[in-house]
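Labels run A, B, C and D following the written order; every chain starts at residue 1.
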Amino acid sequence: MTHTEDPVQSDIAWATPEQVVVHGIDLVTDVLGHVGLGDFAFLELFGRLPGTDESVVFNALVVALVEHGLTPSALVTRLTHLGAPESLQGAVAAGLLGLGDTFVGTMEGAARYCAEAANDPVWQSDDEALAAVADRIVTSFLDQRRAVPGIGHPVHKPVDPRAERLFVVAREHGVDPANERLVRAVSAAASTRTGKELPVNVTGAIGAIATAMGVPSHVVRGLGVMARAIGLVGHLVEEGERPIAGHIWREAEQRATRPSTPGAQALGP
Amino acid sequence: MTHTEDPVQSDIAWATPEQVVVHGIDLVTDVLGHVGLGDFAFLELFGRLPGTDESVVFNALVVALVEHGLTPSALVTRLTHLGAPESLQGAVAAGLLGLGDTFVGTMEGAARYCAEAANDPVWQSDDEALAAVADRIVTSFLDQRRAVPGIGHPVHKPVDPRAERLFVVAREHGVDPANERLVRAVSAAASTRTGKELPVNVTGAIGAIATAMGVPSHVVRGLGVMARAIGLVGHLVEEGERPIAGHIWREAEQRATRPSTPGAQALGP
Amino acid sequence: MTHTEDPVQSDIAWATPEQVVVHGIDLVTDVLGHVGLGDFAFLELFGRLPGTDESVVFNALVVALVEHGLTPSALVTRLTHLGAPESLQGAVAAGLLGLGDTFVGTMEGAARYCAEAANDPVWQSDDEALAAVADRIVTSFLDQRRAVPGIGHPVHKPVDPRAERLFVVAREHGVDPANERLVRAVSAAASTRTGKELPVNVTGAIGAIATAMGVPSHVVRGLGVMARAIGLVGHLVEEGERPIAGHIWREAEQRATRPSTPGAQALGP
Amino acid sequence: MTHTEDPVQSDIAWATPEQVVVHGIDLVTDVLGHVGLGDFAFLELFGRLPGTDESVVFNALVVALVEHGLTPSALVTRLTHLGAPESLQGAVAAGLLGLGDTFVGTMEGAARYCAEAANDPVWQSDDEALAAVADRIVTSFLDQRRAVPGIGHPVHKPVDPRAERLFVVAREHGVDPANERLVRAVSAAASTRTGKELPVNVTGAIGAIATAMGVPSHVVRGLGVMARAIGLVGHLVEEGERPIAGHIWREAEQRATRPSTPGAQALGP
C-alpha cells in the first residue's frame, strides 16, 4: 500500500532538517518576517495565502472578534487563572468554551442562512424575491421561538457601527455584496415583524462576509475562537496587573449564599 | 512480536459481545447493582475494589470535595453555560480547569510533604523528631513566601470540622494515623511561626489520609477533579432552575467598564 | 431589599465556622462516613438523598458510564497530559470535552424522546399505540438521516448485556418500566426499518431509566460527564505507570506526514 | 466612592452606541480595515500598537507558533471533534490544554532565564561572564534532571532554521541581541556538558526575543496559545475534508486492548 492510500494522512505541514513547509510554502524563507498573523490564519483556512484585498477583509473580520470587553468568557478566563495560575493555557481554554450557540453561534447562524439561500440565488437580482427569502428566514426562527441570528444589539442602535464598517471594507475590497443585502433584508423583516429595532450586528456582518469569501459555515465559529484566544490572553495581562477575579468571586459568593442561619457564610473553594 | 511487547497496551477494560471486564471484574454480573460509584472510583485508582473499611474512608474523602458552594469553578461553569448551552460537557470542563495550584493543589502539596517525610520515618515514633520535621516543612514554604499547603481557613476556626471528622473516620477504619500527626504538627509549627490561627483544613486532611491509603501524590488532585465534576453538574441543575450567571456577568461588566466618556457602556459578548 | 428578592442566590451550600450544610444536610455529622459518592451525586441532582432502591439504580446507571476503555476521550486525556503534566485538571477536562453529540449525546437523545412521549402516555397501556409512537420516533430520525439514539452497538449483539442488566436492576428496584418498553419498541421498529440488528444499548437504557427517575433531559448528559471524570483519572494512573500517548502520537504523526520530499519528517510539537 | 477606587475595573474596552474603543483606539474608524491581526494582538499585550519594526518581529514570533503539524494538540482537537461535533470551541480548547510545561513551557522557561539574567547584566559586555552565566543556567536544570528549555530538537540539527531566521528578523528590526547571545551560550554550554548536539530551537529563540521586546515571562506562553488556536482551527478544516481521528482511535483501541480472552474486543465509547 502506498502512503497516499493510507486513510491517516495530513498534508498541512512537514519538515526536513533544513526546511519547514506549511501548505506548500517554505516557512523559513517565505513566511517569517514577510507574512502577518492574519494572512497566515487565512492560509490555515484556505490552504493558500490571501490576495491583497482578501487580506484586508479577512484581517478586519477576525480583528473585530478579538476584544469585546468584560464578557462572560473574559470573566471565566480570569476566574480560572485565580485557581490555576500554573496553567495559562487552561485559563484561555476555559474562556473559549463559552463561545457557543448564544454568543458566537449567532455568527454561524447567519452564515448558515446565507449559505443556504445561495443555493437558490434568484433573490440576488430581484428585490421582491429577496424580501420573501428574508421573511422566510425570520419566520423559521420566530416559529421556533428563537432569536434571529446576526441582528439586534443591546447597545449599538439604530446601527452597529462595526457591522457598517465591515460592510464598507468588504465592498471596497471586492467582496460580492449579495449576502450584505440578504442580512439587511433579514434585519428589516425581523424589525417589522417584532416591532423592535434590530440592526445587523457585528456577528451578522461577519457571518455574511465570511460566507461570501468561502469560509464553510461550520468553520465560521472558528474565526471567533481564534480571535478571542488573543483577547483572552490580553485579559490575563490586565488581570496580572490589576486583579479583579477574586473580588468578583467573593462578592458573588457572599451575596448568593443563604443567610438564614446567623453567622452563615460562604465556604471557600 | 507478541502483543505484550507492544508499547501501546492498556489493561483497564475489554469486552466480548456478551461480557465487559474492568480491571478483571465482570461489569455486568459483578458490578452493576452491586458496587457503588465511590467503590468503582477506588477500583479505577487501585485496580481492585476496596475493603469495607477502605470503602468508608475513600468515599468520605471524595464526598468532602464534591460541593464547596459558589466557588470560582461553580461561577465559571455557570458563565460558560450561559454562552454555550449546547455543551454541558464544556461548562463542566471549564469549571474543572480552575482546580489548580491555588485551590486543589493545596491537597497535592500536603500529600507531597507527607509522602516525602515517609522516606525517613523516624518522626513516626519520636515527638521531637516530629516537631523538627514539621518545622522544616513550614520553613521550606515560608522561605519561598508560599502558603503552607493544607492548613488555615477563612471561615473554619479554630478547627475545620470537616478535617476533624475525616480524621475520626480514618482512624475508626484503620488508616495509619502517622500522617494525621504530621499535618497537625505542621499546623502547630506554622501557627507558632506566623502568630496566626492555622488549623489543618479539609485539603490537608485529605492529602494526609489519601497518602496513607496509597494514592500517589500526583493523582491526589484527581480526587478533587472527579468529585467536583459531580458538584458542577449540580450547579448546572440549579442554574437551569434559577439562573444567576447573566446577572453576575452584566453587573461585573457594567461596574468594571470605564465611564469616563458620557454614555459609555459595556460591549456585550 | 431582602435577600430572597436578590436574583443572585444559590441554595446549594453554606457554612458557619462549626458547620457545613449541603442541600439542608449537615455534611460533617450526617454525610462524611455515612453517605457514599453515588448517593451524594444523587443529592446534587435531586436536592435530597436517595431511598434505598433509588440508590441502587442510580449508582448502577452512573457506574456503567465510568469506564469504556481506550475511547477517544481517554486518548485525549493521555495526549494532553503528555504536553501539560503540570495540570491533571486540564488533561481530564480535555477528555470530557469529547463527550458530545456523537458519544454521550445519544443518551440525551434517548432521554428526550422518552420525556416527550410521556406527554401523551396512551402508549403505556396500549401495544398498538406503542408501536405507532416508536415508529414515529424512528421515522423522525431517519428522515433527517440521523442515527436513532440509544440503539445499536458494534460489539454487543444481539443484545448489549449492560443495557439488559440495567433494566433488570431498575425493575427489581421499582422503576416504572414504561420507558424500557418504549426504547425496546424503538429498537424493534428501527431494526425492522433498516434491516439491521439494533439492540437497545447501554446509553439507551440509561436515557430511559434516568428519565423515569426524574432526571431532566438536559442534565442526563451530566451523568456521563461526572462518571467519565472518574474513569479519565484512572487512565492517567495507568498512563503514569505505562505511558502510551507518546507512542501513539509519534506513530500517527510519522505515518500521516507527507513523504513526497526525500527526508521529510514530522515537525515535533 | 468614585469609580477609580473600585477594585473591579477593566480598562481594555468600552463602547457608546456609536463607538467601540479598545486600549484607547477607536475600533471602527482606526482599526477595522487598517490594522492586521498580529498588530492587534500586540495591542492586547502592550496596550499600544506596534511600531513598524516591532510589527515585523512580533508577527514573525507568533506566526512561527501557529502550525507544527500533527502534534498531540492537533490529534486531541481532531479526536474531540469526533465525539462532540456540535462544539468547535470545545475541540480547539481541548487541543490548547496540551500546550503546557513539556511543549510550550520550554518557551516560558527560556524567557524566564533571560529575564532573570537581565537583573545582573554584566555578561552583556563580557564574554567570560556570559559563559559563566550560561553554565550556571545549564547546571541548575541538569542538577534537577530537567531538560534545559529552548535548546535541542529531534529533527532540526545542527541548527533549527526557524530559530536562525527569527534571530535575523529580530536583529534587522532593532531588537537588542543580548538575549540571542545568552541562549546561544546556553546552547553551547549544554552541548559541551552533555556531549549532544543541542542547537537553540524555535522556542528558545522566541523566549529570548519576546523577553527582549518586553513580553512578561508569565505571558510568553500566551503567544503559543493564541497562535495555536489558529492552527487548530486549520486542523479541523482538514479533518472535515479528510477525517483521520476515527482511524487513529479505532486502531489504537484495538491494538492496546488485551486479547487474552478469545474474541475480546475494545468497548466503543
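Note that in this section a contact is a pair of C-beta atoms (placed from the backbone, for glycine too) under 8 Å apart; a residue touches a chain by one contact, two chains touch by 3 or more.
None of the values given here were measured: they were computed from a predicted structure.
With rounding to the nearest 5, the Cα superposition of chain A on chain D corresponds to a rotation angle of 180 degrees.
Of all chains, A has its CA centroid at the greatest distance from the CA centroid of chain B. The two sequence copies chain A and chain B touch through a face in which the numbers common to both exceed half of the numbers used overall.
Chain geometry summary: the mean Cα position of chain A and that of chain D are 22 Å apart. Distance between chain centres (mean CA atoms), chain C to chain D: 35 Å. Averaged C-alpha coordinates give centres for chain A and chain C that are 30 Å from one another. For chain A, the set of residues touching two or more other chains reads 8-11, 13-17, 19-20, 68-70, 84, 86-87, 89-90, 93-94, 97-100, 104, 155, 244, 248, 252, 256-257, 265-267. Because contacts link each chain to all the remaining chains, their graph is best described as complete. Across the complex, chain D is touched by residues 3, 6, 8-11, 13-17, 19-21, 84, 86-87, 89-90, 93, 97, 252, 255-259, 261, 263-267 of chain B.
For chain C in complex with chain D, the touching residues are 68-73, 75-76, 79-80, 82-87, 90-91, 93-95, 97-105, 153-155, 244-245, 248-249, 252-253, 256-257, 265-269. Contacts from chain A toward chain D in the complex involve residues 7-20, 22, 27-29, 31-33, 35-41, 44-45, 55-56, 59-60, 62-64, 66-70, 74, 87-90, 92-94, 96-100, 104, 155-157, 161-162, 164-166, 168-169, 172, 216, 218-219, 221-223, 225-227, 229-231, 233-238, 240, 242, 244, 247-248.
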